[in-house]
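Going in written order, the chains are labelled A, B, C and D, and every chain counts its residues from 1.
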Amino acid sequence: MSFNSFGRVFRFSTWGESHGPAIGAVVDGCPPGLTLSEADLQPWLDKRRPGQSRFTTQRREPDEVRILSGVFEGRTTGTPIALQIENVDQRSKDYSEVAAKYRPGHADYAYDAKYGFRDPRGGGRSSARETASRVAAGGVARLVIPEVRIRAYLVELGGIAIDRNRFDDAEIDNNPFFCPDAIVAAEWEAALDAARKSGSSLGAVVECVASGVPAGWGAPLYAKLDGELAAAMMSINAVKGVEIGDGFGAARLRGEENADPMCPGANGPTFLSNHAGGVAGGISTGQEVVVRIALKPTSSILTPVETVTREGQATEIVTKGRHDPCVGIRAAPVAEAMMALVLADQKLLHRAQIG
Amino acid sequence: MSFNSFGRVFRFSTWGESHGPAIGAVVDGCPPGLTLSEADLQPWLDKRRPGQSRFTTQRREPDEVRILSGVFEGRTTGTPIALQIENVDQRSKDYSEVAAKYRPGHADYAYDAKYGFRDPRGGGRSSARETASRVAAGGVARLVIPEVRIRAYLVELGGIAIDRNRFDDAEIDNNPFFCPDAIVAAEWEAALDAARKSGSSLGAVVECVASGVPAGWGAPLYAKLDGELAAAMMSINAVKGVEIGDGFGAARLRGEENADPMCPGANGPTFLSNHAGGVAGGISTGQEVVVRIALKPTSSILTPVETVTREGQATEIVTKGRHDPCVGIRAAPVAEAMMALVLADQKLLHRAQIG
Amino acid sequence: MSFNSFGRVFRFSTWGESHGPAIGAVVDGCPPGLTLSEADLQPWLDKRRPGQSRFTTQRREPDEVRILSGVFEGRTTGTPIALQIENVDQRSKDYSEVAAKYRPGHADYAYDAKYGFRDPRGGGRSSARETASRVAAGGVARLVIPEVRIRAYLVELGGIAIDRNRFDDAEIDNNPFFCPDAIVAAEWEAALDAARKSGSSLGAVVECVASGVPAGWGAPLYAKLDGELAAAMMSINAVKGVEIGDGFGAARLRGEENADPMCPGANGPTFLSNHAGGVAGGISTGQEVVVRIALKPTSSILTPVETVTREGQATEIVTKGRHDPCVGIRAAPVAEAMMALVLADQKLLHRAQIG
Amino acid sequence: MSFNSFGRVFRFSTWGESHGPAIGAVVDGCPPGLTLSEADLQPWLDKRRPGQSRFTTQRREPDEVRILSGVFEGRTTGTPIALQIENVDQRSKDYSEVAAKYRPGHADYAYDAKYGFRDPRGGGRSSARETASRVAAGGVARLVIPEVRIRAYLVELGGIAIDRNRFDDAEIDNNPFFCPDAIVAAEWEAALDAARKSGSSLGAVVECVASGVPAGWGAPLYAKLDGELAAAMMSINAVKGVEIGDGFGAARLRGEENADPMCPGANGPTFLSNHAGGVAGGISTGQEVVVRIALKPTSSILTPVETVTREGQATEIVTKGRHDPCVGIRAAPVAEAMMALVLADQKLLHRAQIG
């Protein structure tokens, strides 16, 4: 019921602001006896880390995670795991303009409307900086589901989609876009360079696939696997849409096209297609779990936009500073983390009820 | 934490199977003193009721709701409100084929994989019959948010989209499709008749809009308004995608196109566009809250589909019985109910934290 | 988070008022495949049923429980189990005095202070009638923990304590007081008859013991087994105190007296005493789990008490009607139910985290 | 639903082990706009701090709390408040004996039985060191309920009770026992010195009183004010019993003695006595909320006790180290913190439902 916690049995809570001294997460309900050290988490954080190409914010954060509790002699004890990441490169000296004017597309106005005031330094709590905590927590979650392999990549950037026939898993880590299609990656580079130079930004679509999920995970009706994934993914900054399997495309199919036929397989029934994205009735079917999320273009742009001051006067704003021209890129490791966190929780929930 | 409950302070739990004696919901956390009788809820159930046109299942259910607790002398007391609807027209005599074979696209196989067995009568718990309970609970939720008007309608059926220029709110209740465009409604009628006659089914896209939501509702980060809506909507049977505002379309806009500019207004700042769908940083902005959901075509079709038996043998199945050729139609009142339930909860959550 | 739900994975919610048409419970998270019918629950309800001796209220309620969902062909399906009990003998014709004046010791004033008004018929939601729903839900919980035997009995009534040397388990069901000491049972009979005739009432202490609980159940720190038991027991009407093991007596022991020494046993370590009541650090130790609860004397008495009207005028009240002269008696089966409900939940929680 | 979180809307989670690098709490759901700095929390921590007299552990911890998030320019922002306290004086070099043998009365065996192994350094997570985090969180809670004054003190130590006629609020902070009776404080000093010298320990009873709580807080039936207090208090280390108002004493009263008569008062109805301890039907009545808790004597004693090794061999143990000879003393500020945390949560819950 906490506002800043997610999960039911395997549960994490995050805290921290963009320009505070640190951010962190507390993971609760983790099974005991799992081998865990900072070295298990750091690679995931490194993947999300800013400043690794000219296509992400130039803020320099080492994003070194520390484990402050819940581990003894290298193994989880079953007690809460506190994870902490220092904010090193805050540079919040000058936030007077952001404090005084609402940036359209940002949470500024909504936060003021809700809380009466806000921490304007780097977006405060509404900054995507918080997602580093999720990625750390997601690293713990991965240890709970060793049977599952999770992979996120971009399938669209600035309206340019990949060609599924050129999909190459090995390509994903070969370019700064987590793009599985080398040819389209080059197009994205050009498009994003152009957008960046013109002071604009682009949106993206990220696909996240989990393989190895056994049939039976998911807790219908209001803790359905797809419902939990929808909530998890929609909670990521800038996400405006979530699809499972064919998603909106399924609405354009006929019944016989959309139903995934089944046939006998070596290890039980198998499916001849996966329009459902691995979930039926809110429960995993044993197929790949496929989620796609739409990310809007960053609202932090150099193009001036009409807005109002806190006092309600008309004005204009140009959002300077160090921003990702396409937040969709760094959302890929965050989507992986959220997938891991949901699946770890569902695995434990399943075990609770079914044994 | 219940699997079958939703909401945090204003919270409902549902129970019941398609062919059991009854279904119901318990609404907890409702403020006291609200005027409530069955007559306040019945109209919403009537809207969702099956058998009202040839485009929905011919199962005949009066769907009369009874209030068993939580109301004294016509007013809510602040204690749990138990709502109950009898199942009248079950006809579950012959479910042997459904019990023996998995219907592709249904939850049959997933339920067996999870629970070891299942109630096969009419889909048991996985049937959309459960949504009647939500609609009843949603009727209570509406009383908690009298300042909000909620409206759901279809914007696409069988791949045929409405023309936004012909959008007519008054038209929505004039056709069996909750279609705001009279011309396209006729096209849908033809398409759905054809699908029905050929033993097929069609998908749909439902849009649900809430107006009157004040700025400030939503509890970031993991009880964000849009996150809660995503979970709520994805929990509806057959839903495979959820969008807020421009949704996937936003991923194809540039930063300056997507940012909703602000200007001074008579009652505080207003927006010049609503790409965001009324939510920023997980908090309402005071604009219309706009959600769209994609519904797959019904899997219950007369076209034979390849499948397996419970014992894993290859076979074929034809799903006879009384089914909606397009489940998207009756999903419109359900989407309205879920919107009301989320907003009522967020209103109370906001009041808890902010006063 | 619901106000009227209890438990985390194995969770129940109750609804209903003393003089409404029915009361009920929804049990969620129950494992599938358990054999369950009304006949499994009825004996527990019969034990709590009013009107079985002159020492309990003369309200005549058959307390027949119906299962409305979650069971198919005699087995639990893993979906919510709706339990319902009709209110048959309401007699709420004349509640004008109770509505107009606050009964000292009852919840009348507090409910009005909270909700602005209340259902005065038989105490409405604050009536111990609700505990029938718990007993039904507890019957389901018992099926989840077949390894555990739960037994509650009175150890004190009207200040007269049993003699532990005469403790006879077989005696408990031989008298209307759940008293394990035949001699003191006769004293209680005399004391309670005298109290009843003089229009007064008596308090009691109930002890509830669970044997067969394995070491390891309990989820520290804020879902500790003893913490959950304390919350569960304190939620029973008229309970004003809860003790685990030696309870308040432990505060008068020295460290070496209170520590339960351990020694090797046939099936692992055993203990030489059980001052701790089977719980250490919030986790079961494998010993008997021992809880004691104090119940105040019924506030519904024929002796006039000074009070005020709803309008705040001084007056007097005599609470006529059908009341238990000692609510502690019927609290014994309710305490057993709460013990079962907590243990079932902790078993599943343990299984979730530990496997 | 987290194991290590408490509260519903105003909610805190704690993490950390006795000898880890730090401990902490995350407070979620705090209203925005409250003035908060470390200086507001430190006095409460100082009250609980060890090493202030010879009657508490000699471990030297400055217990300096840092606020890492949720505060901007001295005011709470409505986002999670992360509180952190470094462990300075761990001295965990030699924990081999504790790791190898179970200390009777401690959580050692239960933790091993649950988790398979444990952090033996200073008791790990089961150490009362964790209560420093609660006290810090409780300091935030106090800001949410400025209308309430909370006071905890010992009423019994080593079986020696205070004389209520000598109760002097001003005396409480004048002695190292939070004792409101100067004469009995001297007796406690002698008794505790004797126990300490003989390698033993003593139990205690703490009373905690909240005044200024308005009528109407509490969420029946399973989030009742007294139920929440019972869970909160029972979660404190070494607590074995909880009473509200007259508690177990109420079980020995007659109905007419126990009912608190009401009469008209200047500000609405008032009560002529407070046997109920300020709670009726789970809701506050506007009287003082009175809770008493029993604390067992510390199990860490120098007297040898029979026990077993991890391998199940018979042995003896003497628990050396720095321990409180009466843990009841430092439980007083912890009880105050838990009272504040429960009341803050109930205030916000009330506001959510009632407005």
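Everything below uses one rule, namely that a contact is a pair of C-beta atoms (placed from the backbone, for glycine too) under 8 Å apart; a residue touches a chain by one contact, two chains touch by 3 or more.
A quick map from chain label to UniProt name: A, B, C, D = Chorismate synthase.
Since the structure is predicted, the reported quantities are computational estimates derived from the model, not experimental observations.
Touching subunit A (Chorismate synthase) and subunit D (Chorismate synthase) together: B, C. Counting C-beta pairs in contact across A-C and across C-D gives the higher total for C-D. Here the spacing of subunit C (Chorismate synthase) and subunit D (Chorismate synthase), counted between their Cα centres, is 26 Å. Averaged C-alpha coordinates put the centre of subunit A (Chorismate synthase) at 46 Å from the centre of subunit C (Chorismate synthase). Among all residues of subunit B (Chorismate synthase), those that touch two or more other chains are 1-5, 8-9, 14, 29, 32, 78-79, 114-116, 125, 220, 349, 353-354. Note for the complex: subunit D (Chorismate synthase) touches subunit B (Chorismate synthase) at residues 1, 9, 29-32, 78-79, 220, 348-349, 351-355. For subunit A (Chorismate synthase) in complex with subunit B (Chorismate synthase), the touching residues are 1-6, 8, 14, 102, 104-107, 109-111, 113-116, 125-126, 130, 156, 158-159, 195, 200-205, 214-224, 226-235, 240-264, 268-269, 271-272, 275-277, 279-286, 294-301, 303, 305-308, 312-314, 328, 349-350, 353-354.
Of all residues in subunit A (Chorismate synthase), those touching subunit D (Chorismate synthase) in their complex are 1-5, 8-9, 11, 13-17, 20-24, 26, 28-29, 32-33, 68-70, 72, 75, 77-82, 114-119, 121, 124-125.
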